[in-house]
C-alpha cells in the first residue's frame, strides 16, 4: 500500500479515480440540497485531476516506454481482471482532453445551471462522468475499460434524462442507454471470446500479441469486429447513431462534454487504444471504413436540413466521428486521433456557444435566435465563428490540420473512392456549418417589434456571465493554436515526426471542397439576395428523406415494436399466462373438478357409510376364513 | 359351561352384534351412543374372559377392563356434550339430519 | 473436506437468535407494537452480527468447513445436527442476515397484527438459516420445509392482489418440489450403504450412475421449483406480487436462493456424474429462463410483476453459472445469488414504500415520482441499474463471470443469454421512465419523501451492493476457496 | 332328566343363575336397541350392564363388577339421562321406521356375527402355561401403581381432557340462546 503514496504518478492516477467518485458520493448522500457546497466539492474534485493530467502530460512528454501499474481486482479461475493504469501517449493525451474539457464545462455550468433545483445532482452526475471517462482513458485492461465504458453509459443516461419531467428527455436517456447497450453487448461478447481463447486482456499485451501475430487471425477479426460493435454504439456510427441527436435533450453543457467532445469520442479512442490489434484485422478495418463513410454522409445530409441548432451540431458530431473512424480505418492512427483532439476542442466550443444562445433566448431554433438578434452577443458569436471555421477545415484553425491529415490518409488508401467520399463529406460539413453561421450573422427578416412583443423577460436577462465566457475564450484559444502543435503531437504520439510530402493536389482539393461548401452556403443563406432555402430543396424527395433522418428512427421504432414488443414479448407473455400457468391451473382445477365429480359418494349418511364398511369387513373376513 | 372361555366369547359376540345393529339402525344419536356402550361392554367381556381363562397373570385383564371403562366414560362425556351441542345447533339429534358435510 | 470445530457455537446462536426472539414475542401483548418491533429487530441484529462475524472471520487460507458443530441426533438413521460454514454458504448467511434485518426495518410501519407478523417472519428466517448452515441432508430438508410453511400464512394474511390464489399456488408448487426432493434424498440415503445423512460423508460414496442420474434430476427439479427454473417459475411473480413487502424481500432475496443452493449443495455435490449428464438440460432451461424473463417482464404493468420476472431472469443466470460446472461459473453463480438477493430486496423495499403510500403499483398510474420522493425513487433507480447489470454494483461481477464461462462452455446458449441483457436494460429503464420520470401524477403530489430512518434499510442494501461492487475480492476470494475444491470433486 | 336334576345341585344353581344373568344381559341389550322410547333404551342399557357385571362375578372379578355398576350404571346411564333431558323432547311424534334400513343393519350385524363366530370357532384357545392364581384386588391395585402406573396416569389424563373437552363443546353457543 505504501507504493500508492510514494510513487507520485501512481498517486495521481489513483486520485483521478478516487476524487470524482468521492465527490459523487458526498454530493449524492450529504449535500444534494446545498448547491454552493456541492459546487465546491465538485470543482475541487475536478480541478485536482486537471492539474494531475497536465502535470503528467508535461512529465511524460518524452515518454519512451508505457508505464503500467496492475493490481488484482478479481481473481477467479481463468477470468482474471486486473485493476490498473496504463500511461502512454494515447492515454495521457485523452486524460488531458477529458480533464480539461470536463473542468471547463463544470465552470461553464455554474452560469448555465444556476438556479436549477437539481443543481447538486447535476454536479454529482458530472463527477460520475469524470470518473468513468478518466477511467476509460487510463485503464490498463480491456475489461476494466469496459467497466468504465459502461459507467460512461450510465452517467450519460442520468445526464440526458436530467430534466426527467420532460417526456422527450427521459425517453432520450432511455434510448441512449439501450442503443449503446446494444453495441456494448457486442463489445462484451468480443471480450468474452478474447478471454476464452486468449486469456490476458491487458491492452499492452493484446497489442503486442497482435503485432507479433501470436494470435490466430480469425480471433483477431472476430474480436475486433465485436469490439467495433461497442464503438458503433458509443461513437454513434451507422446504424446505431440514432441515439445521439436525441441525446441533445440534456442540458447543453452536457451535450458539449459528453455528446460531442469526450464520451462519444470514447469509441474512437478505443480503436486508437488497441490500434495495433485492430489494424491487424483487414476485415475489421474494411467494415470500419465503410461504416464510417456511411455515417459521415448520412449525418451530414441530415445536418443540412435540421433547424434546431443543437441537432445540427449533433449531426455534425456524428459525421466528424465517422470521419475519425475513416481516418483510423484508412490506416493512420495519428490522423484519427489528432482529429479527435482538435474536434474535442472546437466541438465543445460550438456547443458551449450555442448554449449561451439557448440560455439567452430560450429557444433551440437558430432561425428564431437570428431573428431575435443573436449576433449582438459578441463573444459567443465570434467564438462560434472560429469554431465553425475549424469545423469546416479552414486554415489556420485546428480542424484544417486534422482534416488534412485524415484526407491524406484516405488519399493513400488504394481505393480512391473513400477519398472522394471524404472530400464530399468535407464539402457538406462546410455547407451545413456555415448555413447556421450565415443565418445567425445575417438575419434576413429580423422583426424588432415582434421581439418586443413576447420576449420582455429575456430583455432584462443579464449579458453573458464571465463563468460562461471564460471557457469559450479558452477553448477558442485552443482551437487556434492546436493546429500548429501537429508536429509536437506527432512526436509525442508516434515517437517521430511524419515525413510531410507536400501534396498540392490534396491540399488544394481539400481547401476547394471546404470553400465551395462555404460559398454555396453563402449563396443559399448568406448573401443579401439569398432565398434562404437550401439547394437540397430543389429535390423535394431527397429533402424529405433527409428530414426524416433517412428513416433510421422509424426503422428502429418499427423493429422495437414489431419484434421486441410485438412478437417476442407478447408471445412469451401469452405463453406464460396461457400455456405454462394455464397448464398448471388446469391441473389444479381438474383435481378440484374430479374431487367434485366423486363427491356424490359423500352422502353424509353416516350409518349407510358404516354399513358398507361393516359389510365389506365382514365379507372379506368371511372369505378369508372360508378359504382355510 | 360356566368355566369355558367360548361361552363368554359367544355372549360377548352376541352383545356386540346387537350393539352394531343398534348403531346401524337407530336414528337418535343417543340411541347410537347407547349401542356403542353395548359394543364396548362386549369387548370388555372378552378381555375379562381371556383374563380368566388364558392370560398368564390375572391382574392384566382387569386393568384393561378398568381402562376401557375410563375411556368409555370419557367417550360418553364427550359424545353427550357433542350431542347436546348438535341439538342446540340443528334442533334435532337425528343422525340423518346431520348432513352438513355432504359433497 | 477439512473441518474446523468452532470454539463457540456461533452458528447455533445465529440459528437460535430468531427462535428466541420469536418466543419472546409470543409472550408479549398484541398492543405492544413498539416492543415487538424492537425485539424482532434485535433478534435480526444479533443474527446479522453473527453472520458478519462468520463472514469476516472465515479463514480462506485454511478453507474447508469452519465453525463446525456436530451432534448426534437420531443415531439409528444417521441423522446429525451438523452445521458449518464454507465459502459457498458464508455469503448466503450474510445475505440472509442483511435481508432479515432490513426486512424488519422496512416493515416498521406495519399496524395490522404486528405480533403474528414478526413471529412468522422470524420463524421463516430460522428455517432459512438452518438450510444454509446444515451439512446434514435430513436436517437440511427439515429446515427447508420450516422455511416454506410460514410463507403461506404470511402471504395469506398480510398479502394483496389475489393473495389466496398466490399463497395456494406457491405452497402447492413448493410442496410438489418437496415431493421430488424427498425421493431424491431417500434414494441417495438408501443406496449409499453407510446409513448416514451426513453430506460430507455421502460425498465420499461413489453412487452408481443410474442412482446419480435419477437422484440428480429429482433434486434438480425439486429445488429448481424454488429457484424458479423455467418452466416452474410462474409461482414466483404471482407470489412476489401478493406478498407483503418484507416477505417479498425475503422471498425473492433469500428463499429463491435456497433452491439454487440446494441444487449446488445437494444435487451437484452428491451426484457429480448425474450433473454431467444433465448439465446440457440445465443450461438450456437456464438460458431460456434468462431470455424469457426479460421478455415477459417487458410487457408487465404491475411494478412487482416486473421485478418478479426480472428475478426469474436473474435466477436463470445463477442456473447458467451452475450448469457450466467451472470454477468461474460457480463463483459467478454464488456471487449472483448474493448480489441478486440484495438487489431484489432493494427493489421490493423501494416499491413497498411507494405502494404503502399510493396503494397502487400500476406503472401507468404512477409517474414523476422522482419529483415527489427523490430519495425513495433514487433507491429504485439504483436497483434498476443493478438489474440492468451496471458496473459498480456487485451483480455486474457475477454476471460477467457467469456469462464469460457460459460462452466458453455452452457457446450458443451463452451468447443468446448474453444478448438478452440489452432487453434487460430496456426493461429496467422502461419501468424507471414510466414510474419515476415525466410529469408527476397530481393525485400523489402531496406525499412525503422517505424519512432517514425508514430509508436506512435501503441505504444498507445499497451500501452492500456498492461495497462488493467496488471490492469484489472481499466476496470472491471467499467463494473461490470453497468452489475450487468443489469443482475438483465434480 | 339328568339335566333337570343337575339344576338343583350347587353347580346346577350356579349354572341356572349364570343363565339368568346372561338372559338379563340379552334382554337388557335387546331393549336398549329395540325400544322406540329413548328412555326405555337407557333402562335396557342399565339392565344389560347389570348382567355384564354379573358375568364379571362369574369371571372371578367382583371388583371390576362393582366398578361396572358404579361407573356404567351409576355414571354413564345417568349422564345419558341428562343428555336426553337436554335434547329433543320425548313427546314429539317420531318418524316411521324404514324397514330397508333395519334389514340392512340386521344383515350387516349378522354378517359380522357370522364372521366373528367362525373366527372364534376356528381358533384354538390355548391357555398360558404358567398362570398365576392371584386374583385379589390388592394385586390389581399394586400393579396399577407400579407396573401399569403409566396407564393409570394416562387414564386420569384422558378423563381430564375429556372433561375439558366436554365443557368446551357443550358450552359453545350458550351465550346466543
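As written, the chain order gives the labels A, B, C and D, with residue 1 at the start of each chain.
Methods note: a contact is a pair of C-beta atoms (placed from the backbone, for glycine too) under 8 Å apart; a residue touches a chain by one contact, two chains touch by 3 or more.
Keep in mind the model is a prediction, meaning the values are calculated, not measured.
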Central chain of the complex, centres being mean CA coordinates: C
Separation of mean Cα positions, subunit D and subunit C [Å, integer]: 62
Distance between chain centroids, defined by C-alpha means - subunit A, subunit C (Å): 36
Approximate Å spacing (C-alpha centroids) for the pair subunit A, subunit B: 91
Whole-Å gap separating subunit B and subunit D, where each centre is the average of the chain's CA atoms: 7
Multi-partner residues of subunit B (at least 2 other chains): 20, 24-25
Shared-contact residues (touching 2 or more other chains) in subunit A: 607, 611, 614
Sites on subunit D at which at least two other chains make contact: 101, 104-105, 108-109, 112, 116
Interchain contacts, given as pairs of chains that touch: A-B, A-C, A-D, B-D
In the complex, subunit D residues that touch subunit A: 101, 104-105, 107-109, 111-112, 114-116, 118-119, 122
In the complex with subunit A, residue positions of subunit B that touch it: 20, 23-25, 95-96, 98-103
In the complex, subunit D residues that touch subunit B: 14-15, 18, 22, 25-26, 29-30, 32-33, 38, 41-42, 45, 48-49, 52, 55-56, 58-61, 63-64, 67-68, 71-72, 75-76, 79-80, 82-84, 86-88, 95, 101-102, 104-106, 108-110, 112-113, 116-117, 120, 125-128, 130-135, 139-140, 143-144, 148, 151, 155, 158-159, 161-163, 165-167, 169-170, 172-173, 177
Interface residues, subunit C side, partner subunit A - complex: 169, 172-173, 231, 233-234, 292, 295-296, 298-300, 326-328, 331-332, 368, 370-371, 385, 388, 390-392, 396-397, 400-401, 403-405, 407-408, 414-415, 418-419, 421-423, 425-426, 429-430, 432-433, 436-440, 472-473, 476-477, 480, 484
Contacting residues of subunit A [partner subunit D, same complex]: 607, 611, 614-615, 617-619, 621-622, 625-626, 628
